[in-house]
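Given below, in the form of structure tokens, are the structures.
In what comes next, subunit A is part of two complexes: it sits with subunit B in the first one and with subunit C in the second one.
And then the complex of A and B:
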């Protein structure tokens, strides 16, 4: 099942063509990595895939819905899409559990239900014991675990990760990739990962290279017999 | 050389027979460098000739055991204390290929780099898959070593692409 599909997507910022016709699909249970030099359009691609931005032409579908026909993108994002960034992930005045609950509560889920979901998501991310702690009491790796739990709490199946290992040492970065991988393999999440580090891209089922707003041909490295 | 010292290191844990050395060597290096049993016995007889190992009787099933000698222990310590020289590596075919592609006027450097990058990423994916399946610490660290090397090559290729592109743009 395709969770997100981009078809011939372009995005222009004034005179600058950030994306020049990109088609890409990510299925449930699949981890796709996007690599490319700075300015190649990686972040633009991620923003379009998650409905944070709209394409100049072409279309984007999330779980079969064309985003062009969705009036309230914010609501769709809260229900279907989770984000993990390098930092600026968690709200400092809320505990780990409250951070995970927040987007669900904003979406009208009752507090008790949101807490149950949050505890499940934290347990799946290996962060159950730190549920009551505040972000400043957590290590970088623990913070990313909480961010991943928040991104996947509830029914959300699409996770967009922009350099989630950016500030971490390689052993902790590997743990985060192991966690993302298990969310794909065990929970059927679809993950689109932007990274400039080959060692993390290598955890993906497919690696695509962006060059000047285009996917480099023959650059799609598919892992044979991935599943 | 690494097989010699690998065998000495295993024997430091107690006397062992030939087949056992082969299995343990492969297990601790994640089967990255497969050994055949002939290599093990050839290496053992050279180590014995040099006084680094000595026959140590047989186990209850009659298999010939070998033990490390005091000279062997000294040699092993020397090996662990000596860094591996960068120049011990063979000529780098990839560096030569990229240099020739850049020097040749009619070669698409970007395409050469991209072909290599795709192949290196496949290697990196296979190593990562092996690492996910590995359960011993020694195996994981050997695979990590190979992953860091493949990653360094990948970074160098990105660098080659960026630099050669910039220099081409400057010249046109």
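And then the complex of A and C:
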């Protein structure tokens, strides 16, 4: 099942064309890595795929729904999309569990129910034991685990990760990729991963290379040897 | 999507929609057609809880910012709560006064000289009686016994003179046997014992502070009757009063009925309304314990009474609330703006997780709610404590009334609610900004600090400014309250214009030297923070300018209207003609001793043929005068008494020798000072007895002498002319060119020699102007510096990275100081300049309104006094001071670089 589909998507910032007619699909259980030099349009692609931004032309569908027809993108993000960033992922004044339950609470789910779901998501991310800690008491890897748990809490199946390993050492980065991979394989999540590192791209089912706002190359073979 | 996939997707959608949370989410895209009201409510509650949790934790993390906001919001709540609690505590109801007036008695009977029917309210605070032509016989206890069963205890209450080490003074005297159980609670025994014999008194603590002591002797009345001080007692409702207590008739002598005398009554049952009516009918007023205890608590009004109609009162209160909340919001605004800036990315992450614009707004507004609520709660608790403290400390020191702690809860809670409203209002602009921010741009680090928004469109502000200014001038001839309301509209307009002004002045930064350029640019970039702080400074400055202009002009007007026969700085010592010659001689000697080296010039008073002392005044109706003020005899509407004396007094009054006037005075002519009173070579006088009776009119030849100073007017009457008209003249006044350091003390000392001595000093009408302006400047300084330092501190913290970069590329520490000082100078200077403009409009309108009022319709001098020094201090001095202090206390060492973990 296709979770996210971009068709001929263009995004212009004034005179700058960040994306020029990009088409891409990510299915449930699939991990797609997006690579490319700075300014190639990777983050813009991610923002459009998650409904954080709207395309200048073309269309984006999440779970079959065209975002052009969705008036409340925030609500869609709460229920269908999870984001993980390189840093500043977590709200410093909330505990790990509270961070994970936040999107569900924003969606109007009662605290007890949201907490139960958060604990499940944390357990799946292997971060159950740090549920009560604040972000500043966590290591970089632990923070990213919590962020991934938050991105997949509830019913969400699309995870958009923007350089989630950028601030981590190699071993921890590997751990995070292993987790993302397992969420694809075990929970059927669709993951779109932006990275600079070929090492991490090797965990993907497919690698998409962006250059100057265009898909320059798309390889669908897993780089098993690089793991 | 294949058919199978579509089916799966559809099934998945249904599954989500059927879960409780799916329904709670209830958004249209979830496919749920309608919402259950309860789940919608719990959904909103969950969001609010999450927002409040974030705010609470964030407030705890950013302690400095939290403390700043708490002070800005909590301080006004504290001050107002303290004032209204203190006022309610010092405002004593009849119920709270029961012990001090009735002791444990059931009733207090108040007598009158006649026995006409008495009308009274329940607490006998307002009493009326049908007057009879002559007094009745006095009440006896036996007679009272026929009207009311029970035991009676005589009391007398009046004022009397005591001789203290620094002279005679009037004190309260209560005469009742305090040993009687019926008086329990009337006075607290602080030390010693209650008076038990006619020669004994107890004094209040205020008198022990002035030299009375237990075991000592206190001379009372003019006879200096010695009384032995046996104790110190205190009135529980008036701990600061100077009071003597003694047995009945020990100090005051027998007081006839109606002279604050009567009986306390201990009755078998309570004194009911029917009893009171019966006693009223018989000619007695009654305070009944039982009735006062049942009195509804309407005796207190914690909100100061407004003059005029209730509507005007309500409008005035509304204006005051708007002003206080506005200033509070503006003072706290920068802290919220900076808070938002620091949390932008956090809010963007929240948005990425699905927080809608409204939810982001709720998170920022929750900040206002949490901080405003906490500040209001703290301000309320501390305010009640401070109010109680002020009341209990002020009562003995300043002779206030004092009751049990009385918290006017409705008003106190309303003030606290205003604190919460202030917090939420201060968070409003940052909340709207948060809801509008683009998460994608913020996450990419491309978002502008304060997007231009509506700042570029100053239309609303301009409309309000035009309306406010027009309203000020239109209302100036009619209504002061309308002027104030228009000035508030003008102030609001200027606040709305402030972002545009900040933006516009920011454009001029390019031509400034580096530190100023950096500061102004930074201030203009952080427009919300800067506008809010400059708005707070503007509000304080505008209020100070309005009040300063009005006060200076009112004082100048008073001085312009002042007329006096004595030159400025003249001390006049007066006593009555009835003072004996011996006492007068002693008084002169005492005056010379107390005022060594000060030449004393004698003046006289006239006594008519009936032996009554008269006051001489010019006999001209003010409307006949040519000019608006100067034609009037001094104080024409009251004690405009013309002096009587010889050439020594003439020289004193004219401050020079005038041989022509002296010769005329010697011939028996009056010397008119200035031209106002003399017409056709004569002056017409009226001699009015102090004790009433027919006025006598007399016409004297007059010469005109040039006044020593512009405000001088009146005439000097020669004794010989009065004697020729049948009056007796006796020397009873002294004049001196001297201002005593302590007038009250001098008066007490002179009163020791002869009773009825009165002293006065001729002062300028605007003598207090400087004090008032300094107080205004001080109040404005607190607000201006407070607002400026808060905003500058936040700006400096925000700029730390830029300043560190500057230091890293070789900027001297001095440059850091200059940047911060320039930031303070810019925002306080901008606020002060705009406040000056607004204040000038409001002040001019109120001064115009003042011209329309007063006792001389149409004849009021139109005085405008511009207190230049005060304005310069406000508009130039305070911003410079702010810059100086901010620059001095700036941290000049760059922070050590830290690696992000």
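Keep in mind that, in the parts below, the second predicted complex is superposed on the first by the 216 of 227 C-alpha atoms of A that agree within 3 Å, B and C clash if a C-alpha of one lies under 4 Å from a C-alpha of the other, contacts with A are read in each partner's own complex, and residues count from 1 in each chain.
What we mean here is this: a contact is a pair of C-beta atoms (placed from the backbone, for glycine too) under 8 Å apart; a residue touches a chain by one contact, two chains touch by 3 or more.
Here the structure is a predicted model, which means the values were calculated and not measured.
Undergrad: Name the contact category of A:102: first (subunit B only), second (subunit C only), both, or neither.
TA: Only subunit C; A:102 stays clear of subunit B.
Undergrad: Hey, is it subunit B or subunit C that touches more of subunit A?
TA: C
Undergrad: With both complexes superposed on chain A, which partner does A:82 reach: first (subunit B), second (subunit C), both or neither?
TA: Touch status of A:82: second partner only.
Undergrad: Pick one for A:209: touches subunit B only (first), subunit C only (second), both, or neither.
TA: first
Undergrad: Pick one for A:93: touches subunit B only (first), subunit C only (second), both, or neither.
TA: Touch partner of A:93: subunit C, not subunit B.
Undergrad: Give every residue of subunit A touching subunit B within the complex, in rising order.
TA: 37, 178, 181, 197-199, 201-204, 207, 209, 216, 218-219, 221, 223
Undergrad: Going by the contact rule set out above, which residues of subunit C touch subunit A in the complex?
TA: On the subunit C side, the touching residues are 1, 5-6, 8-9, 12, 16, 20-22, 24-30, 39-40, 42-44, 46-47, 49-50, 53-54, 57-58, 60-61, 345-346, 349-357, 359, 438-440, 443-444, 900-901.
Undergrad: In their shared complex, at which residues does subunit A touch subunit C?
TA: Residues 1-2, 43, 47, 50, 52-53, 63-65, 70-72, 74-79, 81-83, 85, 87-94, 98, 102-111, 113-114, 140, 150-151, 154-155, 167 of subunit A touch subunit C in their complex.
Undergrad: Which of the residues in subunit B end up touching subunit A in this complex?
TA: Per the stated touch rule, the residues are 114-115, 117-118, 120-122, 124-129, 132, 147-148, 150-151, 154-155, 158, 161-162.
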